[in-house]
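Structures for review follow.
Next come two complexes built around chain A: one with chain B, the other with chain C.
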Partner chain A sequence: MAQCGGVRVHQNQFIMSKKPTVQPALHKVIMVGSGGVGKSALTLQFMYDEFVEDYEPTKADSYRKKILLDGEDVQIDILDTAGQEDYAAIRDHYFRSGEGFLCIFSITEDESFQATQEFREQILRVKNDENIPFLLVGNKCDLEDKRKVSFQEASERARQWGVPYVETSAKTREHVDKVFFDLMREIRARKMEENKANNGRGKDRKKKSIKSFLFCYKH
Partner chain B sequence: MDFESPEVMKDFPGLYVSDTNKKGNNDSDYSDDVDRVTKKDLLMGKRKDKKDKKDKERGYAALEGESSPDESCDAKSPSKTKKSKSFKFSSKSKEKREKSRDKDATIDNKKKDKEKKSDKKSDRDKKTEKKERKVKYADDCPDIADKLPIFGVSLDLAIERSRCHDGIDIPYPVRACINYLQTFGYNFEGVYKVTGSKSKAIQIKKMFNNRELVNLNDYDVPTVTSLLKLYLRDMPDSILTNELSIRFEEAGAILNIGTREKHLKILVENLPFQNKLLLSWLLLHFDYIICNERLNKTSIQNLVTTMSPVLHAIVKPYVPPLTSASELPLETELIEEELRKQESLLSQIHMEIHSGFISKSREELMWEVQRIITQLKRTYKNVQKDKDQLSEKSNDDKVVQPATDSEEKATTTEKGEFEESKSLEENNTMEIPAEVVANTASEPQQSEIKEEVQPRPQLRDIDESDEFTSLNNAITLLQVKNNSLLQLKEKLRKAIETEKNEIHILSKQVKAITEPTSYNVCNIGGTSTNLDEIMDLLSKENQILQIKKINLVRYIMEQQEICIDIKARLHLIGLETLK
Partner chain C sequence: MGEPTLSLLGSSDFNPDKYVRELSLNFVGGLELARLRKKVHSLSEETSNNLKKNVYENYMQFIDTAKEISHLESEMYQLNHLLTEQKSLLNSLYNTSILGDDSLVVIEADFSKDDSEEKKEEIRKQKLLALKEKISGSSHLMDAPNRKVLYESYLTELDSIENTPLKSVYGVLLSDGILIANANFDDQESISLQFEIYYDLGSVAVVNVRDLGNVKQAFKLLAFPDSRIFQCKSSTVKKEWLDKLDQAKKERLSQEQNKKDVTLIDKSPSRSSSIDVPYINPFEEIDEEVSIHPEWFLEIPDELDVCVAQRHFEEALALLDKAKEYTVGYILTQNQDDHIFSDISRKVEQRKSTLIDVLMKELEVNHDKSLQGGLRAARRAVRLLNQLDRSMQSCELFLKLCSSMLKIQCKRVKREGSTSTYVRHLSSVVFTNMCHMTEEFLRAFPDSPSCASAYVVWASHELNLFTSHFIKQAFVPQTSLSTLTECIILVRGQCERLCKYGIDLCYQLDGSLRSPLTKALRDAKDKLIDSIKLRAQEDKWIPMNLKSKSALARLMQEYLDVGLLLNDYVTGDYWLQLTTNTVSFTKLFLKFLDDCLKLQTADLLHIIDETMYFVYDCLKLQTADLLHIIDETMYFVYEAQIKHVEHSLKNEKQLEQRQFMIKNADFLLNHLLNAVQKKYKDVNNFESPGLVKLKTENTAVLKGITATARNITKYSSTEYL
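Up next, the complex of A and B:
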């Protein structure tokens, strides 16, 4: 694998011949937002086409799904985090490994919208990357009569952050697929950029030595 | 017996007196000894060990021959005593019972009992009885073995119930076994490897549980090792404790001997005192056995192999958490068990990451384990749902409940305060939520009626008001609970705030400190491996502390919730009494 600089197609073929099934690209998506805004509902709707009425706070849940993204087989890993502050410590660990974020609030609850600011900051702090794939999502858009956060207000914040804003309804499935697919496209684009950027990989060597050192902790 | 012998002699006068006495007896007459054993065997329908026994006893005799024939008149048959089980002594306390052997009166009574019975027995039995000076007491009250057993209970309880009265807190049966094996086991060929009579071991266990005086010298080495194994196997909690045993396994798997030793030491230090003590005694004893490999042909490998079934029972047979590839279980209990494992694994990963060991593979693992947990939870829920559907009626009822709840709330307010207070008087039950549950769960029909009640209230007036009261009470209860929970939340939020500030301050300090120290580390350089090891140790230690902390926090939270619950109930009762 040392000579991986030149032709990408060639490299792919090489892997193909070695392993009959190529591992599809894996994108890691993290759901963040305050408690009760519908992170789990969106996730479950996307994963299993089901809408769960009863609320049960999540500690952390993770899902994997194979999907077709613009004609390409990919896998999506979704991590549904806890909205409650109780699990903030664990949240950090997941944020670090996330490749894209859906930052969700409920359009019926202003507090949850305000909280997105904090989540954004936390993510940027952990990822240390202004351009991390990120979508601001206003959920529960089926409850138009209970709306507390206007579309303009939310779009304005998204614009400031330089991210897209989408309104969804986990109940009616409106824009549910869209947010996940949009985010995955961003992640994919981002990864391509990165691949171009660091073709010479000297980093991995160093990491390996750390890995072997850490190995004694594993069982 | 280089091991604690003088003290032990002092500590167990009974045991040793009888030991030596018996030895003396052995010297003079082996066959008697054999007979005695045989009698017991007869009771159990077993005589297999006769020959072994004989050989063994001879061995002891040769080792420590010392006779005190004058005591022979006290001879008692263990089996006899068991039968003569006299309720007379049942009222005595444990301690008293233990000391009772010093009391002549007791002994006389026993003797009489025994002699009466022995008349009915065969000649041989009689003969043995005379010569036997084995002291066994039947002053067990019939229940003690059932209610306060020594085997199969937690270490604390076992120690409390069978204390060694010299301040060394090891369950007496273990102590007795170790004492015996230190003396007779070290030169026994295949000690621990040769399995003894299981039924005998069980019989001795019963005797211990019955607080009978057990003289292990009546038995052979394999039986006593079996007994010790039996005790260890019966322990409900691992000797390494359930919380730490996984960590012990991990530490044991560390390849670097030095690191492994250090980790194990830390873990041992974290054991509860009593577990540590028991472990140290066992290990010293095993060490002694191994040191005499030349005599007993038991190498460390032998001992490990032969003890492994027992040690596996101590350190539960370990099935590692499943990886995503393997099939997940479908039965609730298996799911629960797997879920616990996975969650423990996950928290461990989190802790490792938390202490700064971040690697791609670790993060990968974290996601994967999280995914398994999610999947397990989903299957668990589905299984539960299926179960619920079996008991469909009660399920339907639950769905109905919230609707009627709000409806009735509305009607009660309409009906006004008067009727409310009246119905409160009618219904004095304190366990309101329980009642609500009972109403909904066990009487589905009634709650259906409840729904119908609304349009024609005259027909079911009394019933209705009853329902109102209980629901109303439940509502107030929930309100009170809600209030206190909100208060708690506020309090916790404040606590979090202060903690955050603290973290902020500390991280600033850390920043200030790390810069100069990093310079220092560069200077040291050569000792970095040493530092790595220290780092290892510290992080392990931290992890253990973290686990403890998390458990404590969880416990505190649970307690607080219980407190709120109780407070709410008190409040409600207060309201009721006011009315």
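Up next, the complex of A and C:
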């Protein structure tokens, strides 16, 4: 009985909150990269201006924030994924929901840089889109003395992929806002482009999404 | 065709009609026929006597067998109890050596592992069945053989863009997927659940929504093309959902990994790279191990410490269950060595034994601790220990607690007032407590055969303690037979109270009382005989002078009440042609008879109760021992009195006086004896063989013939029955 009562309160909530509100545009960003490279640290620095020293592996966390992007009210939705997601199939699901990706490695760890190749491939496969908004991010640049991945090496890879390369520090907040804002601008640009394309060749667009849909289901 | 004989009538081809016809042909005349009839009649009587004898003999055997069986039963209980104790001892030895070995912690070897597996399966099925009924349209999902319900709750679905509540749903986490049902509020009272969708665990990703503006306690399900947000009612519900989801996913993953190890490596990009490239990740070790187990599992030992310290035993138990469930699942799916896992498992086991120790301490009898709360106070600890599969230990402690409580209660009963008052109080305390304890026991340990036998052993032990105390207190020379009888009847009545719980200890009580009772009867006999002898010395052999009419009338009435008509013995206004001695003996003996018969009925009633269907006639055989002693006692007492008359008669030459003596003897051997036999027969349905014998032995006295002329056969116990 108590449970029913509780649920009914929720129902009333629906009615009260069902007022027409125009929500600002929502951009969905996904943080990918090996474990311990600083995905969560970057996210938390961006969200709350704080640096978390402790390492606590993430499973899949989402955050949302209202921000002013070039004078426009937008919302950013950040999905912070796990460096170790054992289930490859499930990672696909996360990637599918993203509109833009921050692919992060730690400049102190070559292994994490190598892994970005795999992440890039998986994202392209899942999104089936060569031009998906994407930034290659070399984190922990405050640890210059422990650097294992050179700037040239990383920017060469970014150039090959046709994406920007930015070095950040979740600790010093260097370039933290930049990577998120840059990515959102790309996403926004992509969306405007798509809208245009949609208005022009609606049928084509539809076909493409069905194709990608089928592709995904094969996996 | 001849005279009727047993063999003729008993032969198998005997035809009554034909026989009678032939008889009437061969034997002519009324006289002849009357003789034959008499013969047949006597045959029939003889047969029925034989039949009775046979029945008696067989019933005797039957009753003996029944007695044997109840003894055997109690022995089996004791045996069972001993075996269970042995088993738990071996079990604990087994566990100790494994822990000492420091190898993999073995998940507790319970007494009934198969049972609990079966029970789990039963519970699993029931849960699914309940869901099937609850959620319409979900039946196709509920028959999978390995599907389990891991978690379920109401959720509020939010619009994934606007974060506003959309609808109320019911979410069910199964071991291999998530079921979402729409909750419809049909009317004020009821909610109907309609199946909406089922997501396979492999096709759905879970996101913990950490920050969504004002929306709290939400999580996301990503199942392409759906992306859905659900809000939980509390943070604990959300935590449960995420933990259980994680756990389910992990189990599923490891299952699949076991199936096809190789293919999975190919599929996972970060893994394949880790094979080619030398790996120097400083987080590697931690990463690998920490991420395998959920956080709550790693924290369980500490959490358990806190719970136990704060005496939140139920929570501790819930944590242990959770850990066990996880452990079993993990062991089933994982065969690699994982030292974090075994470390935690070992710690959890340690915490478990700490918890058990603490709970056992709760139950232990402590002399500083008041037993104020009684057994109720022990309920919690007993219940928890039972849940920890420690019911044998908790049962043992529980019974110890009962014993000490009983002891304290008994000590409070003051030895004051008459013996019977004391026995009344004491037995009431003992048996009332035992009844309560039985109720409490049955509550705490329903359907556990091993505990039940421990209980029976306990109850029997307590009864023994009580009876030996009772015997010490009541069976002393100062206690009269009447008081003793009263006490025994009281105790028996109390003991029967336990019968309604299925614990019949009356036979045990009877057994322990038999020998002291026999002794008490013999003592009473000796005392009676002594007093008879004493009075005999003082007997002046003069009629009794009651000094007033009313006194005489009172006496007559008194004797009439016990079935003795004294009219023939009255002379004058207040003379009675009996000696004071005869009259006192009469009183004494009737009182004695009364006590004996009461004792017998106390014993008998029980047996009637126990074996309703037996022919009442045969029941007396059961009490043969007691009856035998009573009979013997009566014989000797009576004989002492008769001997006195006989002795006096022998030394008396004066005719008038001799006649007076014979008159007294006549009263004793006929009037009184008949009345006694009637009373006796009322209870036993037959006359006292001892007194019958006494009468036949002594009829000579009535004719003035005394002992020197006769051979007195000594009473021997083997002579009758």
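Here, the second predicted complex is superposed on the first by the 174 of 219 C-alpha atoms of A that agree within 3 Å, B and C clash if a C-alpha of one lies under 4 Å from a C-alpha of the other, contacts with A are read in each partner's own complex, and residues count from 1 in each chain.
Criterion: contacts are C-beta pairs under 8 Å (C-beta built on N, C-alpha and C of every residue); 3 or more make two chains touch, one makes a residue touch a chain.
In this text, all values refer to a predicted model and were calculated from it rather than measured experimentally.
Once chain A of one complex is fitted onto chain A of the other, the partner contacts of A:152 are absent, as it touches neither chain B nor chain C. Contacts of A:79 after superposition: both chain B and chain C are touched. When the shared chain is aligned, chain B and chain C each come close enough to touch A:64.
In the superposition on chain A, the chain among chain B and chain C reaching more residues of chain A is C. Within the superposed three-chain model, A:128 lies out of touch with both chain B and chain C [touch as defined at top]. Of the two partner chains placed around the shared chain by superposition, neither chain B nor chain C is touched by A:198. In the superposition on chain A, contact is made by A:35 with chain C only, not with chain B. By the touch criterion defined above, A:97 lies against chain B and chain C together after alignment on the C-alpha atoms of chain A. Chain A residues 60-64, 79, 89-90, 93-94, 96-97, 213, 216 lie at the interface with chain B in one structure and with chain C in the other. Residues 249-250, 253-256, 259, 320, 350, 352-354, 357-364, 366-368, 370-371, 373-374, 377, 493, 496, 532 of chain B are the ones that touch chain A when the two sit in their complex.
Listed in rising order, the residues of chain A touching chain B in the complex are 28, 60-64, 77, 79-80, 85, 89-90, 93-94, 96-97, 207, 210-211, 213-214, 216-217, 219.
Residues 3-4, 6-8, 10-11, 13-14, 17-18, 21, 23, 26, 34-36, 47, 55, 57, 59-66, 79, 82-84, 86-94, 96-97, 109-112, 114-115, 117-119, 121-122, 213, 216 of chain A touch chain C in their complex. Of all residues in chain C, only 154, 156, 161-162, 164-168, 183, 185, 189-191, 202-213, 220, 222-225, 227, 233, 242, 246, 249, 253, 264, 267-270, 272-274, 277, 279-283, 286-287, 290-291 touch chain A in the complex they form.
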